[in-house]
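Written out below as structure tokens is the structure these notes cover.
A, B, C, D, E and F are the chain letters, set down in written order, and residue numbers restart from 1 in every chain.
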């Protein structure tokens, strides 16, 4: 059972809006090696976990990191939303359900034609989408759960390393502080998870 | 930020394993109107929510139901896993990472050739998959978040109703108690969410 | 501009319901070489057609066959719907929007677990779906419209031949008269379209 | 059975070519809430419709609007085609099936490298494609047909509203008269369909 | 540059036709961890390889194993084709391009309705398809090539181990000698590739 | 069985890096009518080929061209890789598996935000990807193998012609010599394959 508290797992630094950086961060959210993937992969590995009581600590590890990844999805999604500026304001009890995009209509929507993913302005209302930086929707086929504990842990290790590699690349692509504060935090956490999976593998006799 | 406690949100009744029922339940997990969808849709609607302080209760509503849906994913995933019997046991610190499927090898794997989704036995190890009952992987393109509050709530209402309709059909398809205990619980919760969204729409002046 | 008249383009013979035949016919509706494909391909080729007045007859040909294909979609979809028996009846002004599947509840839904595509009973209500016989949703990537008239016509010829080949195979798979009456009609029409495209190519100097 | 008459359902205003506007309009054609979706959704709901004679007016409604949507597909597709300028001319009975793009070769094709979807110039010949504004092919998984009349009508209402919301956004994105004449017309028709579905729901006792 | 010699890399044992085993083998051909994947992954890693002359042996390793994988695709594809019995014979210079399935028409095609993937008989002519055992088409999104040599080799190791795990499961699912002769051979080769990648990682200082 | 020799099938001319040209060439590699498609289509047609000894020359033809297509995949993939400049260098036995993109860090990665496919820099390391020019992953659903020899050859002819048409368009889009040397070579080979398939069809009595 899951609970939620209205705190982000890390603070997001203030900076200018930046649609290009927002799009690069989409890879860290909805990409093949992003936070939706890690969250779902560890959730499925936990739900399907079986074994003798001696293997319980491995299930706890997967469940613990998996829960943290939901908070990462929340963090990076909120960051993308903040980077996409001039979003439509909530218009209250108006009779007609059509929004007034761009700070109540002040920001012209035609900037959308030059952005990396026009869906940020056309399908969503300047918010995060469950897609990667090239616009591909997240797919359930990404989730790896072979049922073999050693292979699952080895894949998780590789997944965290690749996620970190991609985040280092995103970090180099932008100097926006909003983007960088979240990316830098996630790089540190990916490293911590790599270490945790490496130790778990070691305890199973795998180097 | 999300927390996890090692309790399922509802108890799962004991009964015989039932791969056909397990496959039908996949629609409730990874289908277009299943729990992964509701969970992700409300999560994205929360993350992207903006507006004046007066609209805060609507964000809280989305976040609250969204958090409950994560527990529903956990519940239905665990139920599917239980319905797929004879799963491989964890084999400990063995040098070779190949499992011994079917209760330590006792249940022959050739039953897989006659089941609804051979992937339950071939790609996974008798566990839930992030796919629907016809084997299609869950897709990020399912998530609806238009940024218009009235439309988002209306869609959520319709989503819960459709989910409930499909679960009523699944309930009629099987008499397995493990499957029915989870399905019956989720039908009740879907109804509760429909009511909550209906009231929220009413408070915005929509009948 | 399109108009509709409430007549099917060909009569559907009466016979027993037959879910397996219904699923085979899905290939002729939503498959890569089915009627949705031909309809959309010729519609796009018409809309994008340009050229000097001398080329107008080719546009008319594409538009004419394309319009006939919409009637074929209607014919084969209605046939599939008829082959899937015991469908839920419309329940009128009831307060609760949940149907009572299987002839008002008389046909138990558990037959769905043994059919070729459980979605016929779980996602739809015993009706045709926009998918092929293996359950893959129809995709816009099927449509071929290169903008080169000779290649477009050559592809169309090949498309009709392949559609006819697949329909001959479906014809051999079932003896159900409902299925065969529609398939036999469509085989004849595919042959006619092949001839039309062959003549058009000939008039352009291609053998 | 469907018929076609060589008139567009609305006149398209003349203006400069505009590839960026053409790409935005792709959402209204091949997007998840575009005209191909409404056309197919209502077509499937009609084909699969069953019920007592009293429910016949609802089938007629779905079929009527569905037929109008085919004309909308034709209208918006033709508009996109017109917005993509300098298209290859038909080259007649030439022996080699390679076109001469860009007004007989006068417009260099290298502009394609800077446009929103290079496929408009590389896969098609400056014509409409069955994809959305982010390049995703249209998918049969979009079609909603639950078999429950109230839910189907409610979804249709929501679908028209979302389509209208997106078209309002596209309208704000461009000042091109060719694009706006078609978009403005479709907004009005979406509104009319919303009203029709709302009245149908009212007659079934749903507010 | 690639060359072909008309010898299979391993002999295929003779046995009865077996459509169910053929479908299970599809996972080893077109599945996420099958031979098309390994072939393409190593091919892309080779083509994109850069580095100082000291890293040349790693490129050679990837290219060598990649080339062997093409022969594995050929082997497992031919095996599936052999397992699907009663295939249509080539009908020579007949005027009508419609085949006569099932040993010249002797084997009735209606067996197709009960097989795991009707496409084996309806879209193909009793031959291998580029899909997995659940019917999903092979996807380019499977290919992993991060550009970081250590990660690429680690992923390759994990890929071979997972491929081997799945093949061990397929081996348990069937006793057909045609299927088993190919699967047993591929299990041995996967093990050899695991060892080669493990040694390469060791030489880079990774345990 | 396949063999590899470390020679490209054609020399690649030297010129400046050009990410836009690299992206256009992706269509020729991973597009619906690109080299991965021809390679896989002919490979499957060969593996599934059956018939009397008299039809052996047709199998040899398919296998021969199919093998050449693997070399084309290698050629165009290597060309794309060369066009994407400033790639990360191999960093040897470093403990941390994070690369230093852009010529050891000299080329800032922020250029990626303005390129046609950010995945070239974010998911890959300035290398070719198994996707088309709009970023869609290659799909197994592209492969055509009906089992009817005449139709298969006719489709192959049409496939080569369409591939050539697209390559002529790419040739017009760029003046980069690296890109053009490969494209020009492939256009010539496509023409040769068209002729081969045309002759094969002629020998079967098809004009």
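Assume a residue touches a chain if its C-beta (ideal position, glycine included) is under 8 Å from a C-beta of that chain, and two chains touch if they have at least 3 such contacts.
Every value quoted in this text rests on a predicted model; they were computed, and no experiment measured them.
K.L.:
Using the contact definition stated above, find the chains touching both subunit C and subunit E.
P.N.:
B, F
K.L.:
Moving step by step between touching chains, how few steps can get you from subunit E to subunit F?
P.N.:
Shortest path length, in steps: 1.
K.L.:
For the Cα fit of subunit D against subunit F, please give the angle of the superposing rotation, nearest 5 degrees.
P.N.:
120
K.L.:
Regarding the subunit A and subunit D pair, does the interface count as same (over half of residue numbers shared) or different (under half shared)?
P.N.:
Interface between subunit A and subunit D is built from largely different residues.
K.L.:
Compute the centre of every chain as the mean of its C-alpha atoms, then state which one is farthest from the centre of subunit C.
P.N.:
Chain centre farthest from subunit C's centre: A.
K.L.:
Please flag the chain sitting at the greatest distance from subunit E, going by CA centroids.
P.N.:
The most distant chain relative to subunit E turns out to be D.
K.L.:
So what's the Cα centroid distance for subunit A and subunit E, whole Å?
P.N.:
That gives a centre separation of 33 Å.
K.L.:
Could you put a whole-Å number on the gap between the CA centroids of subunit A and subunit C?
P.N.:
Roughly 41 Å separates the two chain centres.
K.L.:
Can you list every residue of subunit F that touches 2 or more other chains, as numbers and ranges?
P.N.:
32, 97-99, 123, 135-137, 139, 141, 146, 148, 151, 161, 165
K.L.:
Which chains are in touch, pair by pair?
P.N.:
A-B, A-D, A-E, A-F, B-C, B-D, B-E, C-D, C-E, C-F, D-F, E-F
K.L.:
Once bound in the complex, which stretches of subunit C touch subunit E?
P.N.:
Per the stated touch rule, the residues are 20-21, 23-24, 27, 31-32, 116, 132-136, 161, 164-166, 168-170, 172-175.
K.L.:
Give every residue of subunit F touching subunit C within the complex, in rising order.
P.N.:
32, 136, 139, 141, 144, 146, 148, 151, 154-155, 158, 161-162, 165, 207
K.L.:
Which residues of subunit D touch subunit F in the complex?
P.N.:
Residues 97-99, 101-102, 108-110, 112-114, 117-119, 121-123, 135, 137 of subunit D touch subunit F in their complex.
K.L.:
Would you tell me which residues of subunit B are touching subunit A in their complex?
P.N.:
It is residues 1-9, 30, 36, 40, 43-44, 47-48, 50-52, 54-55, 63-64, 66-67, 70-71, 73-74, 77-78, 81, 87-93, 95, 97-99, 123-131, 137-141, 143, 145-151, 204-205 of subunit B that touch subunit A.
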